[in-house]
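Let me begin by presenting the structure, written as structure tokens, before commenting on it.
We call the chains A, B, C and D, going by the order they appear; numbering starts again at 1 in every chain.
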Amino acid sequence: MKIKFFAVGGTIDKIYFDALSEYEVGESNIADILKDARVNFQFDIISLLKKDSLDMTYEDRLKIKQVIKDEPNDKIIITHGTDTMIETAKALGRVKNKVIVFTGAMIPAKFKSSDAIFNLGLAVAAVQILPHGVYLAISGRIFSPENVKKNRALKQFE
Amino acid sequence: MKIKFFAVGGTIDKIYFDALSEYEVGESNIADILKDARVNFQFDIISLLKKDSLDMTYEDRLKIKQVIKDEPNDKIIITHGTDTMIETAKALGRVKNKVIVFTGAMIPAKFKSSDAIFNLGLAVAAVQILPHGVYLAISGRIFSPENVKKNRALKQFE
Amino acid sequence: MKIKFFAVGGTIDKIYFDALSEYEVGESNIADILKDARVNFQFDIISLLKKDSLDMTYEDRLKIKQVIKDEPNDKIIITHGTDTMIETAKALGRVKNKVIVFTGAMIPAKFKSSDAIFNLGLAVAAVQILPHGVYLAISGRIFSPENVKKNRALKQFE
Amino acid sequence: MKIKFFAVGGTIDKIYFDALSEYEVGESNIADILKDARVNFQFDIISLLKKDSLDMTYEDRLKIKQVIKDEPNDKIIITHGTDTMIETAKALGRVKNKVIVFTGAMIPAKFKSSDAIFNLGLAVAAVQILPHGVYLAISGRIFSPENVKKNRALKQFE
């Protein structure tokens, strides 16, 4: 089994710069998490974009759509900011021959109490079990993009 | 959706006593992990046993089997030591109306680089997607008990 | 031995809100750190201010000065933002009958790779050994406020 | 300023092998801790022994004593198991021209809630402030070897 990961930014990869307390999207944390998880499958990780999901444009979504279309592997996980994850998932349209699972985090992976590691485990199970299609794996649940919204106050998808 | 968790011991819940460098199975870490993961489902956690899985007896497995049989909820995750997880999964025999997912950890959950959080995410996705039956969710994979072994040297199931 | 801690804000206590990626100063982390450190001394922790140190005003510094003057305990640690820690330390003027140690962090305490725990250990040793006066304990060093500057690029005091 | 670190083993560097739940002393964690702490001083780290302190022999202590005598740097920190740290400190006898600070941990450094990072911060401040002599820095305190004992039940020195 092989899983292809695309990191496009979002809270999951945010790091802290004390200079004026700004945040920025840093390197993807996927490789470190998979190493600690001692996973027994092949994987590639591609850093496609490093954007806060509120800054993601129509062109960015076209690019993600094209990259996924061109990707020969049929198991794909995309780490994405939670604010517009649903929009990007919907923008992919119908996907016939692949399983695409979006995940991300409410708290950056570099925090002690982040949800990033759990969410990645959730996505890894989902991508190898589910039938072809596009899904969100977050808040301990598997959602269809048509049937989910983010509850910002609770920091949960529902 | 509701998931019922049974903790029966194993490395995942091991803690450290410096007195003579012994290890012992402590309290279950499931509740803390689900809290950080900000999961959006109902759950119960039952601590059934606190055993190193090498010490698990025939009577222990009978007890687990009975408890699962009596459990009305159909989504069940069992955290279990990795050394005899496969034996316990096989001992459950055929399960008709439930999804049972075993998981655990190679490194105790209280370690910084533990696989426990990822594995629990994996199990939570598996238990809500898979058809009725008994499975192992570990090493980033979903296995049937009939078709898996632990590679102790690599600290992986395969 | 008793140590009095005053938290006035800064990076050490910053938390993350995913809403628009803002940062804010949260509750002090001192109590949790001292618990894990299993310290064998008495202590009180007072949250005096929750400010980014760049926002600290002349009135804030007057308040800190007055609180320290009124404090009967002679061993005092102040957790403070690093950007103006030196200014606040100088603003205390001469302190005759107390040891005042400023510390803080370049990376919030809630991050896995924060310097907060180490810095607090450094300050706790300093406050119980040093003669009366005002000091900074950070970057693995003990500094006099008159003889230190922050190197923002290196994230170190020197 | 330069600090010389000698790691001789103990709980601070213990790692976990799931094979039969044994513990062993692994590589020293000092370098990683000093990197996160962003320290601004020179240092060398020497791994001298990897022993549980209960296994330390008369010959081991002679070796430590000789290495310290031959060491030209006058600021020395020794990470050591807590069970016989006091005995080793006493075995050094009078030290005229150096500051020797022993530290260690009740919980291995690789645990999330370890006291190792705090204790190392404590030792680093102590070694640069204290007059020549031999000390223990642990439990948030600085002790003379003649005037301290380990309270195993409380996991504290007093």
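Assume contacts are C-beta pairs under 8 Å (C-beta built on N, C-alpha and C of every residue); 3 or more make two chains touch, one makes a residue touch a chain.
These figures come from a predicted structure and were not determined experimentally.
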### Maximum centroid distance from chain B, chain identifier (CA atoms)
C
#### Entry: chain B and chain C: spacing of chain centres that average the CA atoms, whole Å
43
### Centroid distance [mean C-alpha coordinates] between chain D and chain C, Å
26
### Message
Centroid from C-alpha atoms only, then distance chain A to chain C, rounded to Å. What do you get?
### Response
37
### Query
Considering chain B alone, which of its residues make contact with at least two other chains?
106-107, 112-113, 155
### Interchain contacts, given as pairs of chains that touch
A-B, A-C, B-D, C-D
### Contacting residues of chain B [partner chain A, same complex]
1, 33-34, 36-41, 106-107, 113-115, 117-126, 128-130, 137, 139-142, 154-158
### Task
State the interface residues of chain B toward chain D in the complex, per the touch definition above.
11, 14, 16, 18-21, 23, 52, 54, 82-83, 106-108, 110-113, 152, 155
